[in-house]
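In this document, chain identifiers A, B, C, D, E and F correspond to the written order of the chains, with residue numbering beginning at 1 in each.
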Amino acid sequence: MQNNRYDRGWEKLKEIDGEAGEKIIESLKEVAPEFGKFIIEFPFGDIYSRSGLDLKSREIATVAALTALGHALPQLKVHVHGALNVGCSRKEVIEIIIQMAVYAGFPAALNAIFATKEVFDERDKNGLDK
Amino acid sequence: MQNNRYDRGWEKLKEIDGEAGEKIIESLKEVAPEFGKFIIEFPFGDIYSRSGLDLKSREIATVAALTALGHALPQLKVHVHGALNVGCSRKEVIEIIIQMAVYAGFPAALNAIFATKEVFDERDKNGLDK
Amino acid sequence: MQNNRYDRGWEKLKEIDGEAGEKIIESLKEVAPEFGKFIIEFPFGDIYSRSGLDLKSREIATVAALTALGHALPQLKVHVHGALNVGCSRKEVIEIIIQMAVYAGFPAALNAIFATKEVFDERDKNGLDK
Amino acid sequence: MQNNRYDRGWEKLKEIDGEAGEKIIESLKEVAPEFGKFIIEFPFGDIYSRSGLDLKSREIATVAALTALGHALPQLKVHVHGALNVGCSRKEVIEIIIQMAVYAGFPAALNAIFATKEVFDERDKNGLDK
Amino acid sequence: MQNNRYDRGWEKLKEIDGEAGEKIIESLKEVAPEFGKFIIEFPFGDIYSRSGLDLKSREIATVAALTALGHALPQLKVHVHGALNVGCSRKEVIEIIIQMAVYAGFPAALNAIFATKEVFDERDKNGLDK
Amino acid sequence: MQNNRYDRGWEKLKEIDGEAGEKIIESLKEVAPEFGKFIIEFPFGDIYSRSGLDLKSREIATVAALTALGHALPQLKVHVHGALNVGCSRKEVIEIIIQMAVYAGFPAALNAIFATKEVFDERDKNGLDK
């Protein structure tokens, strides 16, 4: 059954975060490969694979939380890709982050905006239309 | 124009948070009435009134962020009401919070689940079907 | 294999946190039973069951982190039980928390001390000698 | 010399926080008396005793930080007493906290306002004119 | 009236943060111009423009909070400029940050000290005498 | 007696953090030398010098807390050196950090893993066998 979690998680990670997600797992291979396995199995194999909330809504929640936390900008960038990949528009991503100024303060929102701009620029460079 | 922000914010606050939101403004009247005015004008008059993201998505983002912050359980309870008032199901609220275990840790998610249960119980007592 | 994770996790949760841990799982049954299952499977079935770090060291790490986070006092209380159950002395628990004043500030350490005192008092009442 | 730090700190703690501060040291006597000693010596004997910033400014900084942290409401209440004791007006305390909505979000500011109201009510009951 | 908030905020932002503040608004123009407008209107037009607390005290509060938050070093640097611009000495800024070791831990204070040193160096290079 | 705290702290800092710790004190000399003195005296002279918890356990607690805080990666790197210097294996350090995914979320753990990898690489380059 564990293989199911891993396989399901791996597919889900690729569906949501794409190349940006795969790179994280790759970068863990040398120093903590088992942590890469846990990322695939628990967040992606267990959580994002659940029914009860659609993927776009899940990414809205994740972008909001990663903005509010303040210390998670690398992960925010991966999930801005994720949000756009599963159906959010760029405008919607920006709206979520602006709203976080209310709950986590303007600095957290501001840092998230600039990290998001890097993702948009990268996607422009790669010819992605959103 | 400021009156517009206030009036628009007040309507939006009542639409989203209902009685739970009005009580907060009321409770500020004695100690910091101008802070109540700012809550109406900025988060509700300026942010939640924006187009570009539907209200249900905005509440998903807020429930996620308030869970992740960890110190905002009273506000989380108000916005669990809010999420249910604008179209989330109870199941969706629970899914958002469970997902936060991934980003903010199990304690933040666990405390949020118990706060949410209190909201569900209160709504049951008041005969609300969701 | 998933059953293995669940069974192993359940045994580990009982070994570490004892009755305090079981109560949490019980309290989730009505509102979010699947979250209880995740708690058993991931933190306890996957993480605490790993070799590479002894249980006492794991509880030292957890008491430190729950103190530093600041918003996790209910979970800290469970893991003060846990630390004492797997071999820490009361003095060691207090030392860990005092040390956190350096990294997370005096308020976080102070709140953790008072939460810990409640656990010690409860254990005194139950006739536990440590 | 350590006695100097302790004596100087104890005088400073009484000057700033008054009875509210003394109670904290008292409450630590049973569970972690050495932590009470550290509180007297380091924050009060070393830091608040320094020249270079007047006491009122130091309390403004502390009220701001304890509001922003979110998990430090018991300590905030002690330092609202402190701020008023060393020269802040109630209005100034409220202004500091409202300003924190900008940097730490509205929930942190809101929770701090309500904690501060409790301090004001207590001081009214004790016949303090500010 | 909204124009009043914007104009008043823009003047206040320039008075406090100077060029460092204007650059932030400028950098938002492409990705989220409306967020730049909110920064001008709410923190600067609404909050810093209030009477009841002098500007120097407001900057003391902000430097303290941005240090304590830990994730707001870019904003801290802008407000170290701000604090110096409205009347704080360099020594006072350092004192505020050292004091934060008590409330938010030594790492937050240490990172803030190094960020502040960059601001001091920049101001030295620009021939500012404080 | 204060000299005792300073001397004892300086020896303890060198024992635990080695060159990485000395560099921090050095880097404070120009901007805030008294803060360097406080770091030596309080965390190292007062806390790490206490009996009641062995140094390896203290470093386990510190690595856990610095990971969980999220904003303390430079200090985490110093204390990964520290943990290895006083008896932790690399594997144990990685285990502590992985465990933090449970309490502080996957992003905090992930950022800590990558910071730790830099320390391991540096130690490899310096020919340290652990």
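Just so it is clear, a contact is a pair of C-beta atoms (placed from the backbone, for glycine too) under 8 Å apart; a residue touches a chain by one contact, two chains touch by 3 or more.
Predicted model only: the values in this text are computed from it and were never measured.
Student: Could you tell me which chains are in contact with subunit E and with subunit F alike?
Tutor: A, B, C, D
Student: How short can a path of touching chains from subunit D to subunit F be, counted in steps?
Tutor: So the least number of steps between the two chains is 1.
Student: Let me check something: if the centre of a chain is the mean of its CA atoms, which chain is farthest from subunit D?
Tutor: Following the centroid criterion, the farthest chain would be A.
Student: So which of A-F, B-F or D-F matches E-F, with over half of the contact pairs the same residue numbers?
Tutor: Copy of the E-F interface among the listed pairs: A-F.
Student: Could you tell me which chain lies farthest from subunit F when each chain's centre is the average position of its Cα atoms?
Tutor: Result for max centroid distance from subunit F is chain B.
Student: Hey, which pair has more contacts between C-betas, A-C or D-E?
Tutor: Result of the comparison of A-C and D-E: D-E.
Student: Please report how many Å separate the Cα centroid of subunit A from that of subunit E, as a whole number.
Tutor: Each chain reduced to its C-alpha mean, subunit A and subunit E end up 30 Å apart.
Student: Using mean CA coordinates as chain centres, what's the gap between subunit B and subunit E in Å?
Tutor: 29
Student: Do you know which subunit F residues sit against two or more other chains?
Tutor: 38, 42-43, 66, 68-72, 75, 94, 98, 101-108 - these are the residues of subunit F that touch more than one other chain.
Student: Please classify the inter-chain touch graph. Allowed labels: line, ring, star, complete, other.
Tutor: Its topology is that of a complete graph.
Student: Sort out for me which residues of subunit B touch subunit F in the complex.
Tutor: 68, 101-108
Student: Provide the residue numbers of subunit F that touch subunit E in the complex, in ascending order.
Tutor: Residue positions touching the partner: 24, 27-28, 30-32, 34-35, 38-39, 43, 66, 69-72, 74-75.
Student: Residue numbers of subunit E touching subunit D in their complex, please.
Tutor: Against subunit D, subunit E makes touches at 42-43, 47-48, 50, 52-53, 57-58, 60-69, 72, 75, 91-92, 94-96, 98-104.
Student: Enumerate the contact residues on subunit B facing subunit E in the complex.
Tutor: Result: residues 1-3, 5, 38, 42, 46 of subunit B touch subunit E.
Student: Note which residues of subunit F are touching subunit A in the complex, please.
Tutor: 69-71, 94, 97-98, 101, 105-111, 113-114, 116-117, 120
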